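Please go over the structures that come below.
Both complexes below contain subunit A, partnered by subunit B and then by subunit C.
Moving on, here comes the complex of A and B:
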């Protein structure tokens, strides 16, 4: 086989998610009253990148065969924190951004430490830490409020050169600065190896713990970038429980749509980004076809079910029935 | 290789797992530029020995000396760094990563902090070529490769770590003859390059072709070391056996082997590349053993009877009538009446956190319930019977089964199936890891069940058990029945020599035992 075929096989999940998103987005814009304009793209992009950041965060943890149920709460917490700190002069704003991102990193690191060194199951550990993070968010913002440096907010949610949505550019930059180095580093490979077969990875002398720890910590950082952007869009901080939970669950949906295996070891954050964008477009599609927004959860559920079923076809090829349960 | 300075020595290495003695003051010394074969039966301590060498388990006592300096390996990575690389029997490849990723996994080449894919590709291609697997594409995912190719990748991966001592544990067991020939060339070339190779294999002809030096292990000790070719196959088998025979088995009934009507019969069962035209019959009251080396298809055969395997070819007959068994639920159905005591009681036999009572009645719930409601009184009666029959020692029926000792856990697994009064009982190495007292009780139980008319098919990795318990033993090799031993023919010598397939490919079934 030629090299490109292997590349294609590896990227199949990502390409599929890309295809689904493009198809949905084309349907959306062609049926939109305004059509394919910079404005429509900007709005869609601003809505999409929030989930995209959180889905990237989820991807990192899912690759290690774990799951992070606190990403939505880190997203909420950093939103509340940003509504206090990302304000004032340039220096103060910069300091605020660093503090918000540092908080996200710390939250992720705590998750990682508990899961790896405390040997708790990721699902339990992150439900607990998620509740703690939300509790802190609530103390920071008992009621929605606060403010943000509006110049920065407008710059990052506006358009570059009048056409390119700035939020998309930031998303791309984050992919290049966080995801690409991670996925190509020794730590990233350790995270994949640990997710695919922890025993084999251990036997091969792979730094499993450091790889997993880096994945959890970076997940916190990515969720914080999402929280920062939420503040830029809304100009406020809001400790909304339902929204935090929704982001956690949608991030898992986006990850699955993006071809990342929940069993670990397989998939890419880029796939998850397209998964997130596609998942967001479902709501927009309902809007242009004049469906009642009440239909949205139903449609999202159906699309998710279809996507997950595609992955289950491999079970039909199993010859030893005990392998069903592996 | 006499007079050569040993590169690596192990002195007085002991290792216990709970009460089981895996290694007892074992000694080994390894010289560069030679191939050293390690021989021994299942459970003789070979695997533990190399795990100690490779830093996977820490020895309880003893010293390891490399280049004249004492060493201790805290992890496989530490052993690798010292130049000791092991190719394990259970593969250590990460399935979702590519071949190249796997080959460099311990120490990937980096550039600006990221993995250098070009360098990685080059290293992988070189290592594959050296390992004789140049036809494997470095970008292929390991999970998509067949087993024999994966083994080549394992070897390439080991070579990429620039080992001084390379350990191969049953490295050829999954390979075809052509692949084996390729690997042998590679190994011989490595020997010329000055590597020390440790070669663990059950295949006597391979050892004869490759080894310079042989060491035989028995019961956790090294019992003999000799230059390859200085002992005959029979002498080697003697060395491997040589242990006292324990009289803990109930007497076997005296009867002609063929007087029982077959209850369970297999005709030309084949499955994937693991079972090859297996035919056998088990009569009522008969205990039939499955022998041979570990992993020659015995487990798959039991799973095939129990309806776990898909795509099985051949026929299974119960009471002379062909049946299709599509699932374990169908196998335990009264028309078949089959029970399987699985090999791993912790995952396939018991639900550890649930109570003894719940575990006991799982398999028989359909018989104990009317319209979906469990008849508590009937359940209690049956459970009392079983606890009495098997003498299960438990502080109560409502404690988690995980709190029981290994032997009592195994009794619960067996009792659970006996509650259905099965006519056909398949046992998959049921005495592994349990104490001698419980073993003895199980042997007696097995005989009692047979006397009550059950047909028993019994796989064991312990040759003593096969000799002591079975009326007939089928020895499997490469998924096929190599030999059938009946009554007095079942001796340790006959079992081992047929398990090693020493008599060559044309040793037909029912040849007279040579003991």
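Moving on, here comes the complex of A and C:
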């Protein structure tokens, strides 16, 4: 197979997600009353970037054939923490940002330690740690409130040169700084290998434990970046159970739309980002077509249901019925 | 070591260590509670706790069936809410509606369960994903139906009677219902082919399939039963509170999974007893009760909850090492 065809086959999921996103975004902007303006793009990207960070976090864990049902709660916890810490002078703000990101990393590392070294099932373990993180968030912010360094917030949620949304630039930077090095490192390859076949990877001497641990920890970090951004958009911290749960759920939808296999070992965070942007755009289509906002949860649920059911088409390729049962 | 074990009575030797631990924790909690307040050991308090536990018990019964298969049902929150809301909604349609309220609520839960079952068994979608998706769809449907507010319809007399009445003096009806459902579950799991099949599939679905079992049908039925029991739990809760509420089911997802897992049922499937689930349900309910008696705020309760579950799982819920 030629190089470019191999690349195409590998990136098929990502390209499909990119295509869906572009199609949806074109429908969205052409029907938007304001049309394709810098303002519309900025608002859309600010909303989309939040989910994109959480979806990237989910991708890292899903690649290892695990799942992190606490990403939404890490997102909520770091949002509450940022509403206390990311304030004041430049130095104080910088310290606050580092502390928030460190907390996210720690939460992810705890998940990883429990799942990998404690050998618990990721579903139950992360539901339980999610409850703990939500409890801490609730301790920090029993009522919505707090504030944030507004200069920094406005700079990161505004526009560069009056055109490019700054949040997209940050997203790109995070991809370049976190995802690209990780996916090319030994640890990243180990995470993929562990998701593809843990036994085979183990037998080949791949450092699967370290790879998986790094994936969980970085997932916490990415969720924290998302939580930080939520604070920049809302200027407040809010320990909302429903919103944390919704982000966990939507991150799974975004990951599936982005062509990441839930069985592990396949897909990329770039795909998940486009999946997240596409999911957000589809959800917002209801508004430009003047539907009652009450229908939005149902609409998003149905998209999620369809997205996860699409995976069933792989069944048609199964030749041996025993392959139904993993 | 072997010599000591052989001299112990047979029922202790056969007992699952997880179940014994869970019961020991219950005794410990009661002891700690009685230090805090004398009323913890009064029959009224214990019966009240059993009554509260029975709602969770009904829901956890369905969850256990699914976990025994090696799957999980994350659609519990809105299955509970759908059962409660639809039963109350049916009650608004005259005498026929009142008569059919409970069956209709359960039927809606079964419908959610069947969608889950088709997704898991026939479309081979991972259960945690498809059940999250149906949960989202059920939530969406209910938001559209209620307009985002708690519905005004109230529970029927029969629902209230089931949840709060006393058919036998001093024994709440809810406890009797849990006992009946539990007895049925024990019978199904230990005395019927269906029950043995559930354990078989949980151990290795491939092997069960090759033994000539229609594993997909069994998986689908299990999910339908789980949805129905969740909805029935919702019906009882609506009867208890005499109306349904938007997020009434949220508080039951983690406890129902925790109760099953703390009771020694393997989260990987194929292993576990109903007695353990009973112990898990009582343990969780007592823990909740003691935390609320100590006036622990919601935040502290969530943290303690998560920590206790992780700690108990680390004690005896670990997967074998990979080597």
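Criterion: the second predicted complex is superposed on the first by the 323 of 326 C-alpha atoms of A that agree within 3 Å, B and C clash if a C-alpha of one lies under 4 Å from a C-alpha of the other, contacts with A are read in each partner's own complex, and residues count from 1 in each chain.
The definition used in the following text is that a residue touches a chain if its C-beta (ideal position, glycine included) is under 8 Å from a C-beta of that chain, and two chains touch if they have at least 3 such contacts.
It should be emphasised that the depicted structure is a prediction, and the values quoted were computed from it without experimental measurement.
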Joint occupancy of subunit A by subunit B and subunit C, clash or fit: clash
First, second, both or neither for A:290, with subunit B first and subunit C second: neither
Partner chain(s) touched by A:142 [first = subunit B, second = subunit C, both, neither]: second
Which of subunit B and subunit C A:305 touches, first, second, both or neither: second
Partner chain(s) touched by A:193 [first = subunit B, second = subunit C, both, neither]: first
Which of subunit B and subunit C A:322 touches, first, second, both or neither: both
First (subunit B), second (subunit C), both or neither touched by A:130: second
Winner by number of subunit A residues touched, once subunit B and subunit C are compared: C
First (subunit B), second (subunit C), both or neither touched by A:185: first
First, second, both or neither for A:202, with subunit B first and subunit C second: both
Among 217-225, 343-351, 451-459 or 469-477 on subunit B, the segment whose C-alpha atoms clash with subunit C after superposition: 343-351
Subunit B/subunit C common contact set on subunit A: 199, 202, 321-322
Subunit C - residues contacting subunit A, complex: 72, 119, 123-126, 128-130, 132-141, 143-144, 147-148, 205-206, 209-210, 215, 247, 250, 253-254, 257-258, 261, 267-268, 297-307, 309-310, 313-314, 317-323
Of all residues in subunit A, those that touch subunit C in their complex: 67, 69, 114, 118-121, 123-125, 127-139, 142, 198-199, 202, 241-242, 249, 252-253, 256, 262-263, 294-302, 304-305, 308-309, 311-312, 315, 321-322, 324-325
Contacting residues of subunit A [partner subunit B, same complex]: 1, 3, 6-7, 9-10, 181, 184-186, 189, 192-193, 195-197, 199-206, 261, 264-266, 318-322
Complex contacts: residues of subunit B adjacent to subunit A: 56, 75-77, 80, 88, 91-98, 101-102, 105-106, 108, 110, 113-115, 117, 137, 139-141, 157, 271-272, 300, 303, 307-311, 327, 348
